[in-house]
Each structure stands twice: as C-alpha cells, then as structure tokens.
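Chain lettering (A, B, C, D, E and F) follows the sequence in which the chains are written, and residue indices restart at 1 in each chain.
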Amino acid sequence: MKRLDLIFSERELQSVIIALEKCGATGYSVTKHVTGKGPNSLVSEDMEFTGLGTNAHVIIFCDDSLIEKLKPILDPILNYYGGVAYVSEATPL
Amino acid sequence: MDSSLILQNVLTPPVLFFFLGTIAVLVKSDLEIPAPLPKLFSLYLLLAIGFKGGLELQKSGLYGQVLPTVSSAVLMSLIIPLLCFVILRIKFDVFNSAAIAAAYGSISAVTFITAESFLENQGIPFDGFMVAALALMESPAIIVGLLLVKLGANKTRPGSSQIRLRGILHEAMLNGSAYLLLGSLLIGFITAAHNPSAIAKMQPFTGNLFYGAECFFLLDMGIVAAQRLPSLKKTGSFLIGFAIAMPIINAFLGVLVARALTLSPGNALLFVVLCASASYLAVPAAMRMTVPEAKSSYYISTTLGLTFPFNIVFGIPVYMGLVNKLIPIAN
Amino acid sequence: MDSSLILQNVLTPPVLFFFLGTIAVLVKSDLEIPAPLPKLFSLYLLLAIGFKGGLELQKSGLYGQVLPTVSSAVLMSLIIPLLCFVILRIKFDVFNSAAIAAAYGSISAVTFITAESFLENQGIPFDGFMVAALALMESPAIIVGLLLVKLGANKTRPGSSQIRLRGILHEAMLNGSAYLLLGSLLIGFITAAHNPSAIAKMQPFTGNLFYGAECFFLLDMGIVAAQRLPSLKKTGSFLIGFAIAMPIINAFLGVLVARALTLSPGNALLFVVLCASASYLAVPAAMRMTVPEAKSSYYISTTLGLTFPFNIVFGIPVYMGLVNKLIPIAN
Amino acid sequence: MKRLDLIFSERELQSVIIALEKCGATGYSVTKHVTGKGPNSLVSEDMEFTGLGTNAHVIIFCDDSLIEKLKPILDPILNYYGGVAYVSEATPL
Amino acid sequence: MDSSLILQNVLTPPVLFFFLGTIAVLVKSDLEIPAPLPKLFSLYLLLAIGFKGGLELQKSGLYGQVLPTVSSAVLMSLIIPLLCFVILRIKFDVFNSAAIAAAYGSISAVTFITAESFLENQGIPFDGFMVAALALMESPAIIVGLLLVKLGANKTRPGSSQIRLRGILHEAMLNGSAYLLLGSLLIGFITAAHNPSAIAKMQPFTGNLFYGAECFFLLDMGIVAAQRLPSLKKTGSFLIGFAIAMPIINAFLGVLVARALTLSPGNALLFVVLCASASYLAVPAAMRMTVPEAKSSYYISTTLGLTFPFNIVFGIPVYMGLVNKLIPIAN
Amino acid sequence: MKRLDLIFSERELQSVIIALEKCGATGYSVTKHVTGKGPNSLVSEDMEFTGLGTNAHVIIFCDDSLIEKLKPILDPILNYYGGVAYVSEATPL
C-alpha cells in the first residue's frame, strides 16, 4: 500500500478533504499548525492570528489506485495555491 | 509640541509593552507567546470593542454626525485603495498592487484601540459611534482590491473563475474578524435596547479587562512586528517607503475630511487613524484565498512590521498634532 | 406569554452570541475559536460555577430543602436514563441505547449556567445549593449506562472484562469535568467556612468575569452546534425526534418532582433544566472509553447539535412557562 | 530499519505507550491534536473540549524485530478502539 | 503554633486548588489543562507581579531598606548555588551539580506569589519592593551555575566553546521569564511615574484578576507536580533528601540575613521564601541550552515535584514560624 | 527523491533551520509540540511552560544530494543535544 503526504495551507484544507472523499478515500489524518518554507512561501506561527493561517499536513494510507485518482484533482490545487505531495511505500502492521 | 505628545504616548503601558515585545526579539530573548494565545486576545479585543461600540451607538442613535461620519469613512475606504493602487503599480504587478492597496484601504482594530487609549489618557472625549466606522471600513477595501484584480488581470488566469461578485462579497463581509466585530456591535446595540441590566454584567469582561488585555496583546504584537523586520529587507526600499509615507498621506486626507465634517478633535483623531492604519487581519485572509498570486510577505510584512509600529508609536501623536493644527476647535 | 419569554431569552447577550456562532457556520464565515481555547473557557466555567455553589452551600447549610432536592435530583439522573434506554431500544442496539441514555440522564453545565443567567435577567431568585444538584447529577447516569451495557450486552464481547464495577465508578466520578466541578464546590465550601476574606479576592475571577466568559463560550458552542448539523442527517429522524422530544418529557417529569418538593420558581426551573439537559462533556468521555461499540457521533451530535441549542433558545423559557403554570407560587 | 506510524484516539495513548515500553522500544515521538476520518469514526477539533479527545500520531523508528513484537499487542487495541498502523522502510541519516 | 499556621495555609483557595490538581493525578482522573494554557497563566502572573512591583517600587523609592535588601538578595542567589554545588558534588558530576545548584539558587515566582497571598490572608503587611528582589534573584544563580561548569568541566567538551561569558550573561538575563518580569517591573515603574491615571485602568487585569488566576495556575501546578512523582524514584534518595533539606537550610540562612537587615516579618518571610524556593522556569531553560550534559529530569523533577509542593504547603507557614521566633518585632 | 525526518528539541530548531538553508534546501515543514522519549530524554507536555520546550518534527523532501550535504552538519547537533534523523524514499505525486 501507499502513504501520501500532503502539506499545504490550511485555507485549502476543506477543498482537499472534499477531493479525498470524492475519490473514495476511506480514511485520512490531519495535523494542523504546521509551519515551514517552500519555494514560494514562508509560513510562520504568527500567521495563525492574522487569518492567513498556517499549514496542514494530511496523511493518507491507501491503495495505489486511489493515488492515481487523486493526482489529477490535487495537482491543480497544489500548483495554484502552493504545497507539496509525496508518495511512499507503507505496509499495514 | 508634537514631540511632547510622542513622549506622552510612548510612556503609556500599551506602547511600553509593545516596546518590551520588540526589544525581546532584538536582544534575542526567548520570550514567546505561543499560538493560539494571540488569537484569544485578538478575538477578545474584537468582541469587546464591538460590544462597547454597539452599546454607545444605541445611546447616541443614528442622528447628528453619525451617518455623515460613517458614510465618509466608508467612502475613504473605497478611495484610499484606488490611490494606493495607482502608486503601487509603478513598481508592482496588478496582483501585488491590488492586495497591498486593499490592506491600506482597510483598517487595523488594534491601532484604533490604541488611539482610543491615547485619547482617554489625554482626557480628550470621543464618541462610541466611531466604532461603527471601524466596523464598516474593514470590508469595502477588500471589494475594491478584488475588483481591481478582476479588471486588471489577464482574463485567463486559472483562478479567475473563482472571483465572482458573490465570492468577493463573501470574502469581504464574512471573514472572521469583520464578522465578529460587526456581530458584536449588533449584539451590543440589541443589548442596550432590550436588556440594559445585562450591560453591567458584561462590563467586567468587555470593559474593565480591556486595557490590560490590550497591553498583553501589544506585547505579542511587538514580538511579531520585530520578527517581520528581517523579511522587510527583501521587499525593497520602494515598499518600505510606501509603508511609512502612505499612512501619512492617508492621515492628511483624513484630517481634511474630518475638518469638512466638523468632527470633534477626539473623533477626528479616530477618523484619521482609521484612514492611516492598514489591515493585517481581514485583508490578508481574504487575499490569500482569492489572489494567491500576490506575495503574502509583501502585504503582511509592511502592515505588521512597519505601518503598525509606526502608527502606534509616532503616528497617533503626530496625527493628533495635525488635528489640533488643522481643525479649529468648534465647541 | 411563553413566546414573550422566548423573545426575552433570545435577546440576552449569551443567547445572541450563541446565534452569532451558529450563523457564522451557516453563512460560511471563517470565524473559528481554535483549540484549546474552548477548553480554557469550559474549565473556567466549571471551576467558577463550582466555587460559587460551594460558597452558597456553606451559607445555606444542608438544612431545609437542600437534602430533599439534591437527593431527588440524583434519583432523576438514575430514572431518566432507564426511561431513555427503553425508548431508544426500539431502534438501537444495547450499546448505542445505553450511551445515548446516559447522556440524557446526565446534565449540561452550560445549559444550567444559561438558565441561571435567564433567572437573573428576569429577576427571579434561586438558591446556590442547586449547584450541588448539578454536580451530583453528572455521574449517576454514567453508572446506569455502563450497568445497562454490562447486563444487556453479549457476555463475550472483547472489552467486557474491562467494565468492572470499580472501573465504572472510576469513569463516572473521576472524569475531568465532574471532578473539577465537585472539587471546586468543595473548595468553595471550605473557603466560605475557614477563609471568608478570600471570597472577595476570588470574586473578580469567579464572579465578575463569569457572564462575559459565558458569552464567549456560547459563541464557540454556537459554532460547534452548527458544525454538527450536517452529521445529524445520518443519524436518522428517530434520533432527531428523540433529541427534541426527550428533553420536553424529562422537563415535564422534572416539573412534577419540583412541584412535589415545593421548590420556588427559580429553583424549580433549575431542577427542570437539569432533567432536560444532556451531557456532552462527562458522558461522551466515559462512553468513548468503556463502550467503544457505540457510535460517538450519535450521542455527541444529538446532545451538542440539537438538545443543547433547543434548551438554550426555546427550552429554558418554555420550561419557565411550565413552572409558572404547574407550580403554585408558595411564598 | 523500520518506521512505524500509529494513528489512534489519544484516549488509548497511555496503553499504547505502556505496550511500547514493555516491548523494549528505545524511543518514540507523539504528536497530539490530530484529527481525521476512518472507516468507523470522524474526529474533529471540537472533540477536544468535550473530553472525547482527538487522535495521537505516534512514530517509532526501530529494528524489524520490535515490529514483530509489537504487532500482537497493538493489533487488538487498534481493532477494538479504532486506529491505523503502517510500517515503512527508514535508514538513519 | 506552626501546625495551626500550616492548617491555615492549607485551607486557602490557592493551596486547595493545588491539592485538587495533585489528587486528580493520584486518583487517575483525566482532568488536564492542555498546553499552552499553563503558559498563558504563567506569562500573566509574571507580567502582573512585575507590573505591581514596579508601581510600588516607584512609590517607595530606592531609599531605606530597599537597596540593602535587594543587594543582600542578589548576594544570596550567588552564595546559595555555591553551597548547593559543594553538597551535590558528593554524589553528582560537575554538570548535574551545577545545573541543580543553579535551580536552587534561583527563585520560583509562584512560590513568592503564594507567600504574598499567605501574608495577605494573615493580615501581615509587606512591601512592594520585594518584587524587585524577586526579579533580580532570578538570573545570578544561572551565571554561577554556568561559571561552575566552565571552570569545573573538562576543557575539551564539544560545547565548551559555546559557553562564552557573553553567552552566559545572555542566557541569564534574557530568558523569557526573567525578561518579562524585569520588563514589566520597569513598565510599572515608568507608569507610576509618568502616567498614574493608567494604574487604575490596569488594576482589573493585573490586580483584581490575580488571585483567581493564581488558583487556576496552582491547579495546573498540582497536576504537573504529581505527574513528576514517579520519575523521582529514579533520581535516588540523595536527591530526594536534598530537595527537602536544602530549602530548609536556605530558609535558615535567609532568616539570619533578614534578621541582620531588620526586615519586617512580612518582608522577612518573602526574603526567606526567595532563598528557599527553586526555579523551574528560567534555570531549566538556560541549562538545557548550555549544559545539555546535565539530566533535565534531575533539576526539573526535584524543583517541580518536591521543592515546590513542599514550600507551598509546609514551607511557607514553617518559615513564618521561624521568622516569628528568630526576628524580634521591631515596630 | 528522499524524505528526511528530524525529531529533536525545539530549542535547537533555529540552528537546524539555519543549517538547512545553508545547504540550499528549497523547502521544509515543522510540527512543534511533539513529545516523546529517547535513549537520553523524556519530553512531556508540561515542559512547554517551564521553558525547556518540547520537540519539533522537521520534514524535508529533497534530492539525495542534499541528504549528503546535511549529514555532516546535522549529526553533531543531534549527537550533542539529542534527537533522531531518518531517511526514506518518497516520490512526488
């Protein structure tokens, strides 16, 4: 099975979750309050009170097939708003 | 005279706590106020200022200077971003110009609060209805900014479809801080009308605690502002100049309008501060969603790192001096 | 008459802030009160209400109506879950029925607090010892719920071994909110007895601040309740009907008992509200641990999303009308 | 070496940590305030003040042998109370 | 007589809430105060105690007993860690000895606050300038600790290069809690001098709220202290004995100095409590950075898990008895 | 590509980030408030108010070459102050 890690602004969390559910993901986990830096952005803790918001880290353990379905939906969101998505191998305990 | 006003302003607890925060960063102290505590104080201040404004708005009614003042304030928040946009376009693209312009057209509630404290400290009276101007000036500049993007930007940008008029109004009116401020204003208004006994029960929370909470929040704002300073180097000197000069220009425009409205010195200062201050709550939240092409560090670092400290420390007393000079005392 | 009471209730700051939160979700404002700020207010309210109750319990002593009222309250929190269980078994398995029944047998401290504010607003007196009833009604329903599971469920369920009587008592008495409420009650009681000078020093924190903090918390509860609405669709119409009808039935039972106890109108309303309200703090925490077979969305979404708003907005004034009709004013 | 990711309700955190220590884990890391969705549950931020609690994400870097030891202890907990456990490859820097 | 003082101390709200927290852990209640709420209260208490101290320092001026008392306090915070170091070296290496010694040479603001509440409760007067002693005793012990490491440790340790004198002073003076305390003291001082009208406006926040916030924080400290108990088993009986005996020895030294200074009973108690208390805020933060070789569980578990509770519950009344016995009442 | 997971005390966060930027990392993400246990330390939630601080979890998605550059800089920090660093495989979505 696969593990998909998504890190992007929490402002897009809602649309990413809708995308996940539309593609039939059975589960996902979300960690908020993630800060960081990317080629286009610096996200710091003080952005939380300004309303800009910090990042969310979404982890999805799923079959390879879901990854294929998610790619065309997530790519445009992450390209337009920023964020990263990486896939690795994972096996259930 | 101005310099004595500046000194008097600097020696009040809110400004002193702001400095305490700033210096903490400069001397590399590890003092920090972790999230979400700043959010707690920011929500509290919006709720309290809104509620108190609502109470007083109900007392004063919508007569006399209230409607002209509030409408002029809204008008200013439509004109100022246009002016800013023209100036910013010299150096920046449509996206960044519109986003920064929207920030400077909108307002900073904490600057307003600090100006109120300054007036109380100076014993200069002002009216509660100015909070209504505060609440109503938060959103229009966002609308102007988004319309500027819609008109000025390449029609085929991927997100263009998202900026519908409904979406623009939604972002402008319903972002958390504008919504809480307006909602609390309304609740204060209703409470004063239908439930006056509840006013005294709210007073310890929304009234008595306010000054101390303001100090605590300004301590954090001092930290945040100073942390923004390094990233200002990357924004370039044009924007740095803009972040100081524009508030002064806007303040000057504000004084002229306040004079035309024959506002009292206290109300005039608050009016001027609304014009001169820039938003780091409502506008960034809206711009991040609708104009991701704009660099958030531009509009956040200038408003938080330069304009806010400038207004808090120098702006308020300088604008007071301006008001005293240009507006003949009526009563 | 009831509708005027409802209107008077709706126009108080706590209920207005509750609406402000609800509407924020409905109009998709991005207003949010991030964790753990709601926890801060929830801990504060439990501590303050407990402390104040303890002070007054010490003043009033355990004489007169105190013991009969408190014992009847505990009795109600044993009977109500049984009644609920029988009704719920029509549609649900033992696990879900027991968990939901426990929630409705227990109480909601914030509903109680809002009822107190309603009484104060109406100028109707009530006694501090009712907080003792509040504190003691939190746990018994949990015990009933867990015993129902122990008796009703298949003996071979994997977790059955864990539900020992000691474990049940532990979950019931020592969950955070029940513990803090009871502990603060005790501290208030001891303080009033041995250290009366400390009462005045606690007053600004536990007393004066209370009403405003209640408003802030209800703003959050409005957000939370509205966020629960979508998931109510999945719970089915039986449970939706239950979440509205059951409080009314329990309130009716409560009025009859309050009448038999010859409680004053104020105390009677609080007694009724304890019967009619449902727990979303202590009970879910206990059920999650001991009856994981029950769907938490059932007992959380109904109590938070329906019963709580219903009681806050309509229930309290309607129950007041009921009390006024069915209980002859003694004094 | 292996990396084990456990995501489950923070209410079971204590028993999972006891299991880890019993099996001789030399280290682990815990991130709380994780929300998410699984086949059986929806965990949202507001559960934090209700006492239901949100999820915890536990990461353990360890040898393959520890994974074998943990499996029979963790499986029943995660099956009864819910939660996921995934193993992937990891090498020390 | 001491035992009646202990009882009187134990029956005050702050100590009762401390017990409530401790017992919550012992009976395995799931009561918890999630991060960063303890930080909020800790920041608030430092800000408020500093501000209040600054106000009173301005009133009293730097005359009379102020300078001798404050200098003696600083002297004590240089001597005590040396004494502790010698004792600790019997069992521990240089790193651990220095780190623990620094903690016991420095102070605990919350112990000081609880002692103030004790005095107020007993109706014993004390002076505001003692807060200056509190603020100035936080850092010197850190310097002593780091110098001891620099002198005593193997010169070739990897981090040795980092401990320059500048670094030592930085860690000592600029860690968050020392900085906030000193800064707020200064702001209070300036406010009292230049802006007396602002004092009344700060009072609801820094004054009235203080006692309740202290109780809330002590509830959390009770939880934290009890959670530290299991890890004390691993620290060994020598350190456990040290954590109880050392405060008493330091208190004794403190009484002698207070007697020589002819302090009033109230000031004497505060002086003694400063000597007897140990730091769990400033010192651990500094030691973690500069002496990572020391086991943080040693200096945190003893100060938080033993010395703090001991001082809060028994120490303060016992030291009061000592003061009463050894210091002849002057006025 | 690679995924690098660093877990260590937030007190060293600043120096680790400086190291990352010096080596030319284009991005990283930080989760704070991580607790845990290692061979040398127990980090619990209450350390947040004492000033000791809890742990930070830094994730870096990067090329193999960056890993090589980071190793000699991060190793001494983690060895002296404590903390773990693990590398695994990851491919962009």
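Here is the rule we use: contacts are C-beta pairs under 8 Å (C-beta built on N, C-alpha and C of every residue); 3 or more make two chains touch, one makes a residue touch a chain.
What you see is a predicted model, and the numbers here were worked out from it, not measured in a lab.
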| item | value |
| --- | --- |
| Shared interface partners, meaning chains that touch chain B and chain F | A, E |
| Neighbouring chains common to chain A and chain C, by label | B, D |
| Remotest chain, chain F as reference, centres from CA atoms | C |
| Chain whose Cα centroid lies at the greatest distance from that of chain B | D |
| Copies chain C and chain E touch via same or different residues, half shared test | different |
| Distance from the mean Cα position of chain C to that of chain B, given in whole angstrom | 41 |
| Between chain D and chain A, distance of the C-alpha-averaged centres to the nearest whole Å | 20 |
| Set of chain B residues in contact with two or more other chains | 30, 34-36, 39-40, 175-176, 204, 208-209, 285 |
| Multi-partner residues of chain A (at least 2 other chains) | 31, 33, 45, 48, 51, 88-89 |
| Parts of chain F lying in touch with chain E, wherever the complex brings them together | 9, 11, 33, 41-42, 44-54, 76, 80-82 |
| Touch list for chain F against partner chain A, complex | 1, 3, 26-33, 59, 61, 88-93 |
| Complex contact set, residues of chain C against chain B | 8, 11-13, 16-17, 20, 23-24, 27-37, 40, 120-121, 204, 208-209, 211-213, 215-216, 219 |
| Residue numbers on chain A that touch chain F, as the complex places them | 4-5, 7, 31, 33-39, 45, 55, 57, 67, 70-71, 74-75, 84-89 |
| Residues on chain C engaged by chain D in the complex (per definition of touch) | 34-36, 38-39, 42, 158-159, 175-177, 224, 227, 231, 280-282, 284-285, 288-289, 292, 296-297, 300, 304 |
